[in-house]
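Next, two complexes with subunit A in common: one pairs it with subunit B, the other with subunit C.
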Partner chain A sequence: MKRVFVKGIKGGTGTTSVVANLACVLKKSKEQVYVIDLDPKSDVGLHLGLAWAHEYGWSNYPTFNEASCQFHQDSDGVIFLPFGSNSQAQFSSSRIIEGCKQIDNSDNAWLLFDCPAHIDVTQYSLNEDDIFLEVVNCDAICHSLIYKRLQTLSQAAGQWQHYFLANRYNSASELEFDLLQLWQSEIPLLASLYINKDEVIKEATAFRNVAINCAPYSVANDDFETLAGWLVSRVNQDES
Partner chain B sequence: MKANRSRMSFAEKTIRVLLSLFFSKLLVRFIFLKFHSYFNQHKMSAIAAFCLPFLLLFLSLFFKLDKNKKRKLKSRLRYFYPHVTLPVFTISNCVRIILQTSYLAFFRTNKASLGELKAERAKTWQDIKRSVRVIRLVDKKLVKAFKHAWFIGKKKSQQANYKRISEANVWQSQILKVAFIMLLFFAVAVFVTVPFSVEAQAVFISLILIVAYSLRRVEGQIATITMITLSVTTSTRYLWWRYTETLNWDDPLALTLGIGLLLAETYAWLVLILGFFQTINPLNRKPVQLPADSSLWPSVDIYIPTYNEPLSVVKPTAIAAQSIDWPADKLNIYILDDGKRPEFAEFAKQIGIGYLTRPNNNHAKAGNMNHAMTLTDGDYIAIFDCDHIPARSFLQVTMGQFIKDEKVCLVQTPHHFFSADPFERNLNNQGKIPNENMLFYGLIQDGNDMWDATFFCGSCAVLKREALDKIGGFAVETVTEDAHTALRMQRAGYKTTYINIPQAAGLATDSLSAHVGQRIRWARGMAQIFRLDNPLLGKGLNLAQRMCYLNAMLHFLSGIPRIVFLTAPLALIYFNAAIIYAPFLAIFLYIVPTLLQVKITNSRIQGKYRYSFWGEVYESVLAWYILKPTTVALINPNKGKFNVTEKGGLNDTERYDWIISKPYIFLLLINVVGMGYGILRLFFGDTSQIGVLLISMLWASYNIIILGAAVAVAAEAKQIRSSHRVNANFPAAIRLANGHTIKVKITDYSDSGVGIETQHIPTCRVNDKVELLMSRGLKQYSFATYICNTRDKQIGLTLRDLDIEKQKAFIQCTFSRADAWLDWQENFKHDKPSYSFSNVLKVSLRGFKNLIFHAPNELKPLIEFSSRAIEFIATLLPTKPKKVFETL
Partner chain C sequence: MTNFAVKKSSILTDYDIDNLYRKFGGANQSYIEIVNVMKNKSTIDKYPLLKDISLSITDTVKEHKINKSTY
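Presenting the complex of A and B:
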């Protein structure tokens, strides 16, 4: 089981779309993918074709076994579990993470968690095989947050693989260009790739779909493919 | 009007009444009808028109005048005389009718025999095709058999017994070695000198030819060496025969001309042998990896000497030099400006590179660099002509050689040109035929490298400062400072190396005259080196190095021999001077197979870098122009100054360079006239001479083809773009105004625009603003561009108003890419002589067309008159009867 946690360093960095597109790309390269929505916004489903009126998710059930009836499959075959409408969930997200270990025993399956921005990394019980992706945008707020995060991470070094992923990167903006260049030279934890800003990602949700399905000709498609490839290489590096 | 008609009708009525007294009503109508037709349509006089119908009536008493019969007769006449024009009775038609009648009388032209003829022709054609097929099949079988035999031979060499013998200690013995070499020389001497009868020669040469021909497709160096050995044997034998048997001592004129030709042939033979020696085993040096620790890397100065080139040419070079991958504290770039222009100083300051000038301009480029050496202190010096844009990997690829071997003082990389040179542009064959440069950089330099004799070519190279200091800096005595400098370093015991990986690209010369000017400088420089610092004499070189220098030198002396070859056959045609004094059959058996064999061997060795027959074209263009400077420089080496090759210009009109093509037009003219005279002699001359005459004419027509191609080059084609496009193939992206980002492939670029191709056709129009996203490593740069044209999936983008930072980024993403020039030599297929010949022939025809098309105004009426005259005469000739479609 390869577990990838994706979380925005702050709200509104585009985390959910990264999760949804990443899941789709992995699925298209014949990998088994599960997406678990840990965010009370419960919007992963909207990217993956779930009707907006659908309210139920794991939070509406008392136990994991009962909640597992809420697993859905999208048109590409990605299996996902929405959060649901009960933000005062009867059992915590850590229990659902635990519970997910039952659903697939194979080593090759991917488990993607869409984590809410307000819950800190340390709240999850991570082991050293896990990958924690923190999505950042190239702006000054994120810049300061990254440096704060680096301080806390230095204490927890080696417990899990932590990376920052630049999303919505627009190289035409001078500030973004300079910031990314700075990060690339100074932050070792920055993923060696970035997701370009692309209108298609926004538009895709209007179709209740993901960008790679709506516009395979777009750069977004390549970016997510690169991201998937990069994650595979991280996992393999870990194994070897 | 009305009155008129009534008057006419009154006269008519009267006559009608009168006539109706004698003739029936029908006949009266007939007479009037004919009268009107003769009077109105055939414009006869009224009386004639009136009388003719009566004549017809009278005749009808004796003949049956039938409309159908008349039509048939007419169509038969049209069938037999298809080219007779109307009106019939003109002088030219008389000639046509007479010729055609005699043709019809003496040749079988009826339908049946025509059909027979056609069938016969088809059959002949079939036969020809079949025999070509058979020849091909035999060729294929032969090649296969040889390949097989070769393979078995190789296999045998791996067997134990064979190995025991081949690895025995006996072979190490010095005496045995010497004995073998002696034996070899003896055998060659026998083969070369024994006089053969014509029959023996025929057998001997055809055997050798069969072996060489079949070996040409067998892979491997040994096969090449075998072919070279055979070529050396036959060509030496040929020369021996020429010296011993073919000089006519009784005829002073023939003797003089014959000796001239013989000397030219000796030159060609020498160049051939030296060329074989030079390229027998090209080294193909590979880059050496640098130490992992970059603190061990030496410091490098990059010199960009310039004199009068515009800033727009120097800019990309300087920026790309700055982007070369090397520790920044160990890389210093300097523009060496002999033009002393303030805008260059400002530009250098702006991008943060050095700018050096000097108080005088002594010794041109060499002096400029020597002066710079006193002001900088890098361990190594890389030199780029100001138009040569280096790839970022340049130093990574080259510097390893210095670290591997301390004695290395120079690493040269090929000069690659992304713009078309005058040959390529004017003949429109860039990328189809390897250009003039390719032979040198693709093969000869690699061959030189084998013998430690790599030449320094003035640009795209790294030199060791220590070695330069030892020989007192760049050599200033000659106009080709580069070759001379390398020679001096070699004399001082240093090694020069070559890596055949294009790591920079530049602009080719703009016009044929500039190109010729550049070659004149090289030729003069080489001649100067030979006088001032002769590589054959002097200390420090080994024999192989001397041979390589000798060949380079001889190459530039090709002027006189080439002109001798272009005029030699005329000696026999015009003066009946037997310059090769031998019977026709002997000439045929010696010359043709030897030439064939040399061509086959050269095609095998040089095939990827120089196509057959193109060498002659290139050489012919230059022959006249390098003749004088080399001769002058050989006599007085201190004459002649450095002239800067013009680059970065624009040919805005199509024109024909009459001045530069004068010598070839003259040569062409005497050859064409000679051919005409030869044809006359064939008909009216001495019959015993026909064989030799035919060979001479064949040779002359080959010369005409080569000269035609040389003439074709002088038609300067228009250059459409001010900046040259470089073909490319790498991914990028565009972001449209609506925020969509689309993957694209960059298909070409220049310093002011980019051509892209995309699978998804976005809705965009000309002048839309588009962001172009290109990556260099992890960095992505965005460039504001505008769409300038769209066609299907192709979109053209122009860059506008980039600031200096963006310009830098753009050059880093394009020209400076490590893979930018790598596919240069891969694009060419191996030479096929027949295909290549047809190409030269096409070019040659184009040359003739150009001559006529661009003829000066005074000549135009003459050309028009003669072409009309020819056309007219052609219409007089008899033609085959043509089928006529009958009209009712």
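Presenting the complex of A and C:
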């Protein structure tokens, strides 16, 4: 099973959209995909067809086994577990991550975690096979946060694959264009691809769906397919 | 009707690439990365926050507080 943790370097970078769209693209590629919502905002389900009024998730149960009843499957076959409505979760994210190890041991299974922006990556027990995607936007604040993150990463004890992923990139913006060029040459750990700003992503969300279903020929879908392929290459590189 | 605007780009030949390898050090890389250093510098100089960060990073590296090679 391949684990991918996705977190915004700050709130509002579009992390949940990335998780949902990536999950569906991977599923269309015949992979088995599980999405676990670790964010108290509990909005991954909104991208995957879950009713807004649905309140329950793993946070409303005292154990992982009991919380398992809250696994849902969307129309594409992505299996997801909402966070739920209890912001003071009865058991910790670490225990849900640990519990997820028993879900599926097959090689083609992907476990995507939608992580809250405020979490410190070192709070998760990551291993060298895990991929941690930190979603950034091309702006000055993210530029600042990236450098602060690089400082903390250089002192982190654990080993995992950590990447910064530029999301909502607007090539028409002079600042964003210049910043991305700068990052591509200066920032270590920058993923060698980016997700373009595309209205399709917002529109798909409004339809409680993802880009691949609403606009399969969109730039956004191309980008998420590229992201999926790139992640496969990261995993295979790790395995080789 | 046949005078369409055609964008011509420079295509590097194998000879060009070998020359670049020779000029910038060995042929043991699988790719060449071309960076517009002056452009990056002008981007940093243009925005005060980026400049502030750049200066702080430079000072920190000088003081050996972070080792960039450990990433």
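Here are a few things to note about the model shown:
As a convention for this text, the second predicted complex is superposed on the first by the 238 of 240 C-alpha atoms of A that agree within 3 Å, B and C clash if a C-alpha of one lies under 4 Å from a C-alpha of the other, contacts with A are read in each partner's own complex, and residues count from 1 in each chain.
Simple rule for what comes next: a residue touches a chain if its C-beta (ideal position, glycine included) is under 8 Å from a C-beta of that chain, and two chains touch if they have at least 3 such contacts.
From a predicted model like this one, the values you see are computed outputs, not experimental measurements.
Of the two partner chains placed by the overlay, neither subunit B nor subunit C lies in contact with A:N108. Of the two partner chains placed by superposition, subunit B and subunit C are both touched by A:Q181. Touch criterion met: A:V219 reaches subunit B, while subunit C stays clear of it.
Counting residues of subunit A touched by each partner, subunit B versus subunit C, the larger count belongs to B. Once the two complexes are laid over each other on the shared chain, residue contacts for A:S233 go to neither subunit B nor subunit C. Look at A:N65: by the touch rule set out above, it reaches neither subunit B nor subunit C. Legend: residue contacts after superposition of the two complexes on their common chain; A:A140 is shown touching subunit C, with no touch to subunit B. Applying the stated contact rule after C-alpha superposition, one finds that A:L150 touches subunit C and leaves subunit B untouched. Once the two complexes are overlaid on the shared chain, A:N196 sits against subunit B while remaining clear of subunit C.
Residues 181 of subunit A are contacted both by subunit B in one complex and by subunit C in the other.
On the subunit A side of its complex with subunit C, the touching residues are 140, 143-144, 147, 150-151, 153-154, 175, 178-179, 181-182, 185-186, 188-189. Those residues of subunit C lying in contact with subunit A across their complex are 33, 35-37, 39-40, 43-44, 46-47, 49-50, 53, 57, 60, 66-68, 70-71.
Residues 169-172, 177, 181, 184, 192-194, 196-200, 202, 215, 217-222 of subunit A are the ones touching subunit B in the complex. Listing the residues of subunit B that touch subunit A in their complex gives 733, 735, 738-743, 758-760, 771, 773, 778-782, 784.
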